[in-house]
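Look at the two complexes coming up: chain A is in both, with chain B in one and chain C in the other.
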Partner chain A sequence: MSRSSYTFPSIHDFPPFYTLQPTAATQQKQIQLWCDILLAYCAATRTFSIDLGEIKGAGAKPKGAAEVFVNERLRRSLNREGIQTIIDALVNQGHAEWESSAKERCIVLWRKPEEWASLIYKWAFDTGSTNSICTVYELIHGEGTEGQDFHDLDERTMIKALEALSKTGKAQLFTGASHSEMGVKFF
Partner chain B sequence: MSRRRVGIHGLQQQARTNAEFQRAGEALAHQQLEQLKTQLSVFKTNLEDFARKYRKDIKRDPKFRMHFQRMCTNIGIDPLASNKGFWSELLGVGDFYYELGVQIAEICIATRERNGGLIDITDLKRLLERLRGRNAQEISEDDIVRSIKNLKPLGNGFDVVQIGSRKLVQSVPRELNVDFSTVLNLAQVVGFTTIREVTSKLNWDADRSQRVLDDLLKDGICWIDMQTEPAEYWVAGFFADS
Partner chain C sequence: MDHFSELELTASGRPILSSQETISVMQKDVGLYEGKVRLHEFDTGIAFVTTHRLLWVDETRGNGLQLPLTAVKSVDSKGGIWKASSPKITLSLAPLLDRPKKPLENSSLPVNHNTPPPVPAKVSTWICEICQHSNTSSISKCELCGVHQTKREQPQPSLRSSEVPPSSSSASSAYSYPNLQKSATPPLAKEAIPHSSSNRAASVSPTRRPQKGCPACTFLNHPYLKNCELCDALLPDTEHANDLERPQAHDNSPQLVATSTPPLSCRDDLNNEKPNKGIKNQMHKDVASDSGNSSPAEDGENYAVIKLSFRGGGMSEFLKALKSAVSARAWENDAPKDVPARPVISQPTQGPNVGGIASIMRSVEQSNQLMGNTLDEAFSDLNALMAKAADMVKLAESISTKLAQGAAAGGDDSSAMATFRSYLVDLGIHSPVTREAAGDLYINELARQLAEFLEKVLKKHTGGGMIALTDVYCLFNRARGVALISPQDLRKCCNQFETLQLPYRIRQFDSGLLVVQAATHSDEETARRVHAHVKGAKDGLKAVDLAPLEQVSVVLAVEQLLLTESRGLICRDDTVEGLRFFDNIITNYVLPPLGR
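And now, the complex of A and B:
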């Protein structure tokens, strides 16, 4: 999927959208609108993480999902505090996780681990892969999962999904030398 | 030619003449009224025939519907007055406007946090069309205004206000005070205003200008853009939503 497959809604061209609003009710709505945009963008472009270090200031277009917060045409960008507020809101909703307490990078879960988990389990069940062991690498990059939505999934997200399955007793994880070498058995 | 006679007889004669005139006048008035009644009933029958004949067009074509509505209003018939009765049964217009009213309320409430309960009618129309889907009856601004009038008895504060060249639908029960309207009127040209513009164009002192702008922010009508100098106060309802 190409980056251009996501079109920003018109509010993205509304100049005050880049200033955190002082009125509580308005700000709440503003944050939710930002969350919706970020999740939709990440889903459309299959982006799994954001690096806030990419944001250098108004006018300079950052790489990756951080570009969501910049509007070159308007010469407006949401500042660091604003972006952190948005991502904190996503974290509260279970749609993001900070990678460190420095709040520099975060994982975006436009599908929650449980949702990925049920997709993966359905695939395992449909292909008769239950009761046999496969590696995490195979699940993500193997021929067997080509065409599946979770093919080429971010590794950390995949692990979270498998952990969710293991919690409900539908899978067992076997540690390996690295994340990719981890094994999983579906029940 | 004889001279007008005076005395008792003369007075009696005059009284008789007056009475006769009055009778003749009454007869004439009665006749005219009868005629008018017949005309009106013929007209009403024709109008009903017309409505029956063009029922499809009235339902489908918003312009046609508006003209038909005006025609009805002119002769004192309101097809919207009741959901029962001939007109609504024939045309189903009562249902149409009530349905539209519910959809208007839905959109206004959904966008309220964003625009402070003030939405441009053209914007509202676009959102309505999207909500109603492609196969729904076409609607006009006139239909929207009529539906809102229909909502009024419910006392939920829906109203149409004119700000400059724009028609806005207000869904929060509040009196737009003169200061609010004046500033909105100023902002409707380009969509935003600044304290500088308010003080210079309206000749208000800085205190009054700032107070009104702050109130507009607090009410959620305006959003502030602080990445410019001076800060710009944008009226969310003037910005087309998609």
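And now, the complex of A and C:
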């Protein structure tokens, strides 16, 4: 699947969307909309992490997924507090994880690890890879997984998915020198 | 209670006053007696003394009584200091039959008989031949240059020649008007007819008369001028201008005497005395006989007696105010003056030798000086200012009508003019409630007056029936003109709205902003209106944009926007440029399906 561009919905051009609304009901809906847009964006562009440090101001277009929070045309951007609120909400829903307590970077799990896990297991089952050992690197970059959704998956996300799989007893993880050298055996 | 008549009250339970009338004192817990009988129906109420009437209002039942002060013959008080009963004021009243229907008729002095009847409804104008100034038809001489009206509409040509300063007779008429009225009319009529007809012969045909040639420069002047317009030389006499050949000085003197004597001869007839007595003697006699007639002790049995019982104290001040109101006889000044702002301009006696441009300039100067004096007097001393407040309001009114006329004639009514006029109109409370007059009723009465005022203001200044307390303070004090109130008093008043069941409430927003709003006000209504405004604006609405739309101050507009926002109808866009509000499309937004 190629990197497709994502067209923002019309609400993305609505100036008040960039101000965290004080009214509880409105704010709740607003945060949910932001979460959905962010996940949809990440899914469409296969982005797995956001670096908030990229956001310099309303004028400059940041690199990576942080561009979601900036609208150059309107000269508006959601402020840091607003973004953190939204990602906190995502974390609560299990769709994101902060990399550190500084809340500078986060992993966006536009599919939850369990969902990835079932996709991977289905592939392993379909290709008869059960009861054999393959490396994580093979899973992400190998020829065998080309065309699969989890091809080119973020390494950390992959490991989370495999960990989830091993918890349910469908796989076993073997530690290696690095993440990519880790091995996995499907049952 | 035959003497009293029903009193009209405003919606907030205050008496309705006429335009000239002001309240001088009020006192609560006053009961009424007729003769010696206590009237239980009218036992507890607020008594007012105004310049024209004695009023009594029952707060709880919302009805009231009035008694014109013209009917009051004498005022007396009974102590009650050591007695068990409350102090009382006794009013002796004129018998009902004798009482004139309107206080106005009271003031008709013998001389006024000659003046044209006041025409309040239709005021036509005439243009002065000399200076082109347009005058109202009730004036026979030009207001600006003092020249007689020449055309046929002239109501009474003899008016000016027979006029007498009113002070000489008003003093004597203090208690004797029935006497004067009865006897004054027939002889006056007799006197007036020959006199005025002779005068009319002289002045009715001015257009046919030849112009007056100046003896010095031979310039042909208008027949009414006394001095030559060109060289200011004395012209031959007005009345005999047609016989130019013999303008002799002694010819004038009998004429002058004739014109100034009629009022005196009227008085002669009054007293049935010989006409050739000295003036001063006559006057003295008048005064003496009048005051003898009117002593209330003499004809006491003819008069009904009303008593006011002061159960809540405050009698002495009430008595003082009542006495001064009766003796001031303010109703006599009600006779419509031509132009209240400049009453003395058209005095006929001034500068009999001056005519033409010099006279015009002089009269303009005079009127300016007069206005200047009024202002000087008004501001020289605060008490004087209070006394002049009514005049000031009148002045403001006259300026505003003048402006209206000017705009109608000239056709350019700039917005500044309109604003100025609205300022003048705002000077609207001619009888402000003061702490001195109202005593311990002060806050309650003030609250009522404020409620009446708000009724006007809320209609005019705000769309939403809500106004910031600071704005109320400014507007109210501006309308009161001189008797300013303190912010604390205003706050106390507003807190009284609920207890007095007035249709307004004070309200505090979360930000601490205090507003006054109609009791019927609903936030839903405001929110809906604001929402509609916000919806209508394409690029969102700021508080400063909303303020003119809603006709409220900006602080209040902010509150209204926040109120609407809290209902989830609008949402904000907070940037460095300020807070901007948009229609809330967030709440009901549905993300389009993802196009994978």
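Keep in mind that, in the parts below, the second predicted complex is superposed on the first by the 183 of 187 C-alpha atoms of A that agree within 3 Å, B and C clash if a C-alpha of one lies under 4 Å from a C-alpha of the other, contacts with A are read in each partner's own complex, and residues count from 1 in each chain.
One rule holds in what follows: a residue touches a chain if its C-beta (ideal position, glycine included) is under 8 Å from a C-beta of that chain, and two chains touch if they have at least 3 such contacts.
Keep in mind that what you see is a predicted model, and the values were worked out from it rather than measured.
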{"item": "Joint occupancy of chain A by chain B and chain C, clash or fit", "value": "clash"}
{"item": "First (chain B), second (chain C), both or neither touched by A:Thr19", "value": "both"}
{"item": "Contacts of A:Ile37 with chain B and chain C, given as first, second, both or neither", "value": "second"}
{"item": "Contacts of A:Lys29 with chain B and chain C, given as first, second, both or neither", "value": "both"}
{"item": "Doubly contacted chain A residues - partners chain C and chain B", "value": "9, 11, 14-19, 21-23, 25-26, 29-30, 33, 76"}
{"item": "Chain A residues within the chain C interface of the complex", "value": "4, 7, 9, 11, 14-19, 21-23, 25-26, 29-30, 33, 36-37, 40, 43-44, 76"}
{"item": "Chain B - residues contacting chain A, complex", "value": "113-114, 116, 192, 217-218, 220, 223-228, 232, 234, 236, 239-242"}
{"item": "Complex contacts: residues of chain A adjacent to chain B", "value": "9-11, 14-19, 21-23, 25-26, 28-30, 33, 58, 75-76"}
{"item": "Of chain C, residues touching chain A in the complex", "value": "540, 565-566, 568, 571-575, 580-582, 584-587, 589, 591-592, 594-596"}
